[in-house]
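As written, the chains take the letters A, B, C and D, and residue 1 is the first residue of each chain.
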Amino acid sequence: MPRLRALSLIAVLTLAGCSGTQDAKQAAAKDLTGGTLVISTAGGPDNLMPPITVQNSGLQVEDLVFQHLATVGPALNSIGDDGFTPDLATRWDWSKDSLSIAFHLDPDARWHDGAHVRAADVAFTFDLYMDPKTGASAAAQLANIDSVIARDSTTAVFWFRKHTPDQFFEATMQMQILPAHLLRSLDRATLASAPIASQPVGSGPFRVVRWESGRTIELAADTTGGRRRAHLDRVIFTQSADPVTAFTRVATGEADLYEAVRPDKVAEVVKNPQLKLIIAPSLSYNFLSLNQVDPATGKPHPVFGDRTVRRALTMATDRRSIVANIYDSLAVQARGPFTSAQASADTTLRPMPYSVDSANKLLDAAGWVRGADSLRRKNGTVLGFTIAVPSSSLPRVRASVLFQEQFRRVGADVKVESSDNSAFGARMQARNFDATIGAWAQDAGPANARDAWTTAAAARGLNNYGAYRSSAFDAELDSALTVLSATESHAHFAHAWKIITDDAPAIWLAEPRLAMAINSRFVTTGMRVDSWWAGIPKWYIPADKRIARDAPATAAR
Amino acid sequence: MTDTRTPMSDPLLSLRDVRVTFRTADGLITPVDGVSFDIARGETLALVGESGCGKSLTALTILRLIDAPGRIEPGSRILFDGRDVLTLGDKELRGIRGKQAAMIFQEPMTALNPVYSAGEQIAEVVRTHADGSRSAAWDRAVAMLGAVGIPSPEIRAKQFPHQLSGGMRQRVMIAMALVMNPSLLIADEPTTALDVTIQAQLLDLLREAQQARGASMLLITHDLGVVAESAQRVAVMYAGQIVEEAPVTTLFAAPQHPYTQGLMAAMPRAGTRRQRLTTIPGTVPPPGAWPTGCRFADRCAYAWSRCTTEAPPLHQLGDGRSSRCHLVTEPERRVAQIAGAMA
Amino acid sequence: MRALIHRIGQGFVVIAIVATATFVLIRLAPGDPFAGALENAHLTPALRAQWRAAYGLDGNIGTQYVRWIWALLHGDLGWSVSANQPVARVIAAALPNTLWLMGIALLLSFGIGMSLGALQAARRNRATDHVIGAVTLFGAALPDFWLALVVLLTGAYWFRVFPVGLASDPLLPVAASLGTVLRDRLAHLALPVLTLLILIAAPVARQQRAALLDRLGSDWIRTATAKGVGPWTVFRRHAWRTALGPVVTLGGLALPALVGGSVFIERVFAWPGMGALAATAISTRDYHLVVGCVLVGSVMVVAGSIVADVLSQLLDPRAMQIESDVSRITS
Amino acid sequence: MTSIALASGDWRVIAQRLRTDRRSLLAGAVLAAMIALVLLGPLLSPYRPYEQLDITHLVHAPPSAEHLLGTDSYSRDVLSRVLSGGRVSLAVATSAVLIEVLVGVLWGLASGLAGRGIDTLMMRIVDAGLSVPRVLLLLALLAAMPSVPVWLLVLVLGLTGWFGTARLVRGEVRTIRGADYVLAARALGATPARLALRHLLPHALGPVLVASTLAVGQVIVLEAGLSWLGIGVQPPQPSWGNIIGDGYEFIASAPWVSLGPGFCLVLVVLAVSALGDGLRDALAPRQLPRT
């Protein structure tokens, strides 16, 4: 496979800095096993069954308990298999026509219950993910795989329909291999309610010791079959519903890690000698989505249907200041429906300028004339719309109020309607909104934009809530995803982003950074932009920095 | 105005210049203004007067039951069995209350604690004053209930006040007062809240119990009928002062003070037909607004200039009789000034 | 006895009303248990609809109600989607924490509240009365979530004396001695109980003071004194004893809090109790868990109010008497 | 607490007692001052409550000459928001309590007068209402609404708070329903409505008045809690509750954001509760010295 040009990582990436190669050698030399990592979280997982887990906290636990065949490297290169590190599969070889890949499994790999991991497990897992009854969210990403067969007990062969740049990424990263002998007999429609969904058995570095729903999840380093174990003894997730309380537990040292430090707490973390602040880019971006369709009538939206109005409203907002107000230094202004850490990013694309004058001119041109009460009207109707937000998300509520004030200054009458999470979710699924603060947490793959912004995704039941339809954008994106040459693919991506940002179906707001406070006794290695927790099995605590809770748990659970 | 009475030989209870004051929103009032009287051992003195004349308050001073903002003024003296109640320490005072002197209140519905049974409230007195087991106190209480004429006392003792009739409750009060055989009974309008038939029974009960124990009784009432039936001597109170005192027969035969005469005229008499009862014009002045001179002057048929300027002292008329009226010194003035005066 | 059976019968009526009302109400709320994690790009509305059907959460309210009642009769409270466990087990895990927290808090608050109230009544209109009055009034006027965080920050962050939230230390080894477990539990209880104390003691003190002042003015107090009974005994047996009635009724009113827990205190102190559980269940539309919480809550409240009635009868025999007097006359 | 029938003459006595009670006087004065301050809000406030002055540099500015109570996370002037927010909080609380009293009294009277069957059913509905913590009831109701304008919040607050009043009124009505003067009135052919208004209501009014005065304080505090849960008065409309809710997160780093409105809220709730107590003492018949 042709080598790919190294991704242009942004210098600020401090991840690499704190995982220097000489630390890794030093860890291997001395016996650094032992220690307990307590992660303080606000939410908790709904279940621990990889194909159907929804909550982010669930994904974190599953990445430690289960294994992929191979995992993407820190460079997040999703083209071909360059940079991927072996996991369950020690090595793999491509067929000449690149339409099939044979994965050779680690012969010593065992499930936590001691059973051997077999190629049949891989075949069973693919069958489970693809079974419509399971309702696995990753099924769409695995559509390019025709079949998976177990050639012998340690070799699983993947057959693909088409040779695509991301076929290796999708085949390895979208599935976590599951124990066939434990799941074969389950009713696939209600996998979540199976006992094993609360007490999972995986083949990963950690096994689940206990899960008290809504309170704590305790993982312990797995040592079945004499494999090379993780350095840490235990990883414990404690849950406290209020974010302020969750952070305070780390500030007082009762917990070790909190992943969502609020801007006003940054100073406090930096000043605290016990804590270390880690800021890193992430793969999520948020935006003010402008619904192209009027929810009431189904016809084009009276305000947002007009491209000029959308561009005017974009220019009317000082996005840089809004991002600074909400996130302070913990976010970068978004350029489009992508994040700068992705391979597909076009970091040269400049966002639309902030200029109230040109916004007013464009609105006048579009026929929205400003009345005596400074509100703009067009044949009788006021330039007004509502912004729907979930009341539980502080950044989104803040953004809606900031946008509201800035739209008021250009004569738009904007109302904010906040409802609780579920009501907001229902509203989104029914596309019953004018505008909303949307956000996508993407995976490392290139195809996220296809699921969120293409005409195909605008169909009912899919995620293009704002119903943005542009055949030009679809075409560019499609070729970007199918052409094999990285440079060509990058050029197509750039054209696609240019088209969509000019159409302004949404006002691109921020790329929030990961802002994590972690106890300074930990040496953190192998953090990845798409999952900071991926390297936990390699984290360790130098012998001289151990504290009380690091002592080996007196009684095994 | 010290009292010039001739001291009764060794009275059980002797009040001298008892004065009670209340600090209210509009200044100091003295509803009991220099009351003095004696009660001999075994004797029943009735304290009579319209409501608001201070008779109940006077009764309360004897056991120092006046709550703030009321205050028994220094200079008042209450000798009970030779000891001045006002200077007693709390412990000795509690030794007297309920044991040597006991009180019976007017309103049986509210005077008994609603959450304790009748027997329990009587037994409490016994436990307070006599040592002995709880069950001994209970038995004594049940016996006492029988003694005051309550049928099947064992059952009734366990019942709560709201399950008893008015008459029954008053009997419980009487039982509570008598259980420690006190030498002085203070009955503050004991039968006013009851109907006449029950009234007669309770008065007989009180009299028999009193005579059986040789106890004295201070009977507070506004009903002259009750006075005639139960008391040996009577003191009539008006506007915080005693205006006349006399043995009961003399008082009914020849009332000296015009106010007493008015009371007598206003009482219906069995056997004599009378079309209309005469009433005393006007009303009792409230404690804060007592006229100078004789406090009955504005309602007295014989009042003349001296009555409104000079307050009459309580003149002693010999053999225990007295009257607070200038007519004692100027009998010739007994000429009706106002038309339609009393007969 | 007949009255008791009658009362229990009425209790069932209450429970039925509460359960049915909640069942309908929560389903009217838009959204469903699978509406969360909206920024997860792979989750499409079509997928969420499939899960709704899989867990029998589609279909009209009527069929779901019948299905639920049928399951209830078999002692099955249904499945909690958000906690991924049977509802019964989720409640069984949360209820003790709330009873443990609210029980101690209510006991302390009523104990301290009543004594403060009595002290105020005894020292009526003097300095102590006004000072205690002002302090307790101030306590009850604070918004509970705000007070909770101030207490948390002061007790656990600025002065690191107590742990920050949670009901017990997750790192406690299973084989820890009873002593350590108890000490750990009490350390976690301290701050939430202190917060509740400030909030609940005030109204109790106020109620107790008013009731006592009313009783101290009644005639039987004078009768008791006239009987030669000592002042402290008069106060304790004759005033305070009769003033307990209103406080018991206040206790009766506090029952839903005893079982339902306080959403604010439990959320700020990350206390895994019924209040926080029911609140999250409502916001995540975990239908069976919501109805389960409310059902268990109302069963215990009904049982509690029956106990409160019996207790108030013991305290004040008149209560029963008035009830029957009136009903005899008017029915 | 034995309550006395509130004939017209009694109001003068109660007013007189209130005037002499120092605590109620002080409470009344504080309340009047706060209501005046809040009504004059728009005139006194230096900035418009929703005006975001400078969202990058003027966030969480500490109290200063131009901003007496500092600025919030949107760089809005907290003082102006407290003044205009006060109007919303007081209006929400008083109107919600009015609904509570109205529904409670009507339900209580109807239940008190009704025959045994209806009375039992009505009271069981009240018990049902009381058995669910009010916050959860509000959470469920408000979650069912797509959007929550202020009038809807007031209605929902009112409809979840009347159970206590209903039980109180019904208790009073059942007790005095058997009283002689009521029987006499019925004997004279008084219709149930007349009976309710002329005889039963005045008697029940005393405790209801005390309870509703205290309820105003409780509702103000409750609205703050709802705002913290995100279902109170919706942004950008200010109310003391949602300003405190906004400031909650920054109690450690910018305490003034929640202290300003917190102080006003506590002051008003204190005044209202003290007034409620004063009213309770004034209504309870005090034993005058018996002469």
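We take it that contacts are C-beta pairs under 8 Å (C-beta built on N, C-alpha and C of every residue); 3 or more make two chains touch, one makes a residue touch a chain.
As the structure is a computational prediction, the values presented were derived from the model and not from experiment.
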Innermost chain, where centres are averages of C-alpha coordinates: C
Relative to subunit A, chain with the most remote C-alpha centre: B
For subunit B paired with subunit D, centre-to-centre distance based on mean C-alpha positions, whole Å: 52
Distance from the mean Cα position of subunit C to that of subunit B, given in whole angstrom: 55
Inter-centroid spacing, subunit D versus subunit A (mean Cα positions, whole Å): 46
Centre-to-centre distance between subunit D and subunit C (centres being mean Cα positions), rounded to whole Å: 21
Sequence positions of subunit D contacting 2 or more other chains: 143, 146, 229, 248, 251-252
Of all residues in subunit B, the ones touching two or more other chains: none
Touching two or more other chains - residues of subunit A: 244, 392, 419-420, 422-423, 427
Subunit B-facing residues of subunit C, complex: 218-220, 222-230, 237-238, 241-242, 315-318, 321
Subunit D-touching residues of subunit A, taken from the complex the two chains share: 243-244, 262, 264-265, 267-268, 318, 321-322, 324-325, 391-392, 394, 397-398, 400-402, 404-405, 416-420, 422-423, 427
Residues of subunit D touching subunit C in the complex: 1-2, 23, 115-116, 120-121, 124-125, 127-128, 130-133, 135-136, 139-141, 143-144, 146, 164, 174-175, 177-178, 183, 217, 221, 224-225, 228-229, 241, 244, 248, 251-252, 258, 262, 265-266, 269-270, 273-274, 277, 280-281, 284, 286-287
Contact footprint of subunit A on subunit D as seen in their complex: 50-52, 55-56, 59-60, 73-75, 143, 145-147, 229-231, 234-236, 248-254
Residues of subunit C defined as touching subunit D within the complex: 10, 13-14, 17-18, 21-22, 25-26, 28-31, 130, 133, 137-138, 140-146, 149-150, 153, 157, 206, 210-211, 213-214, 217-218, 246, 253, 255-257, 260-264, 275, 278-279, 282-283, 290, 294, 297-298, 301-302, 305, 322-323, 325-327, 329-331
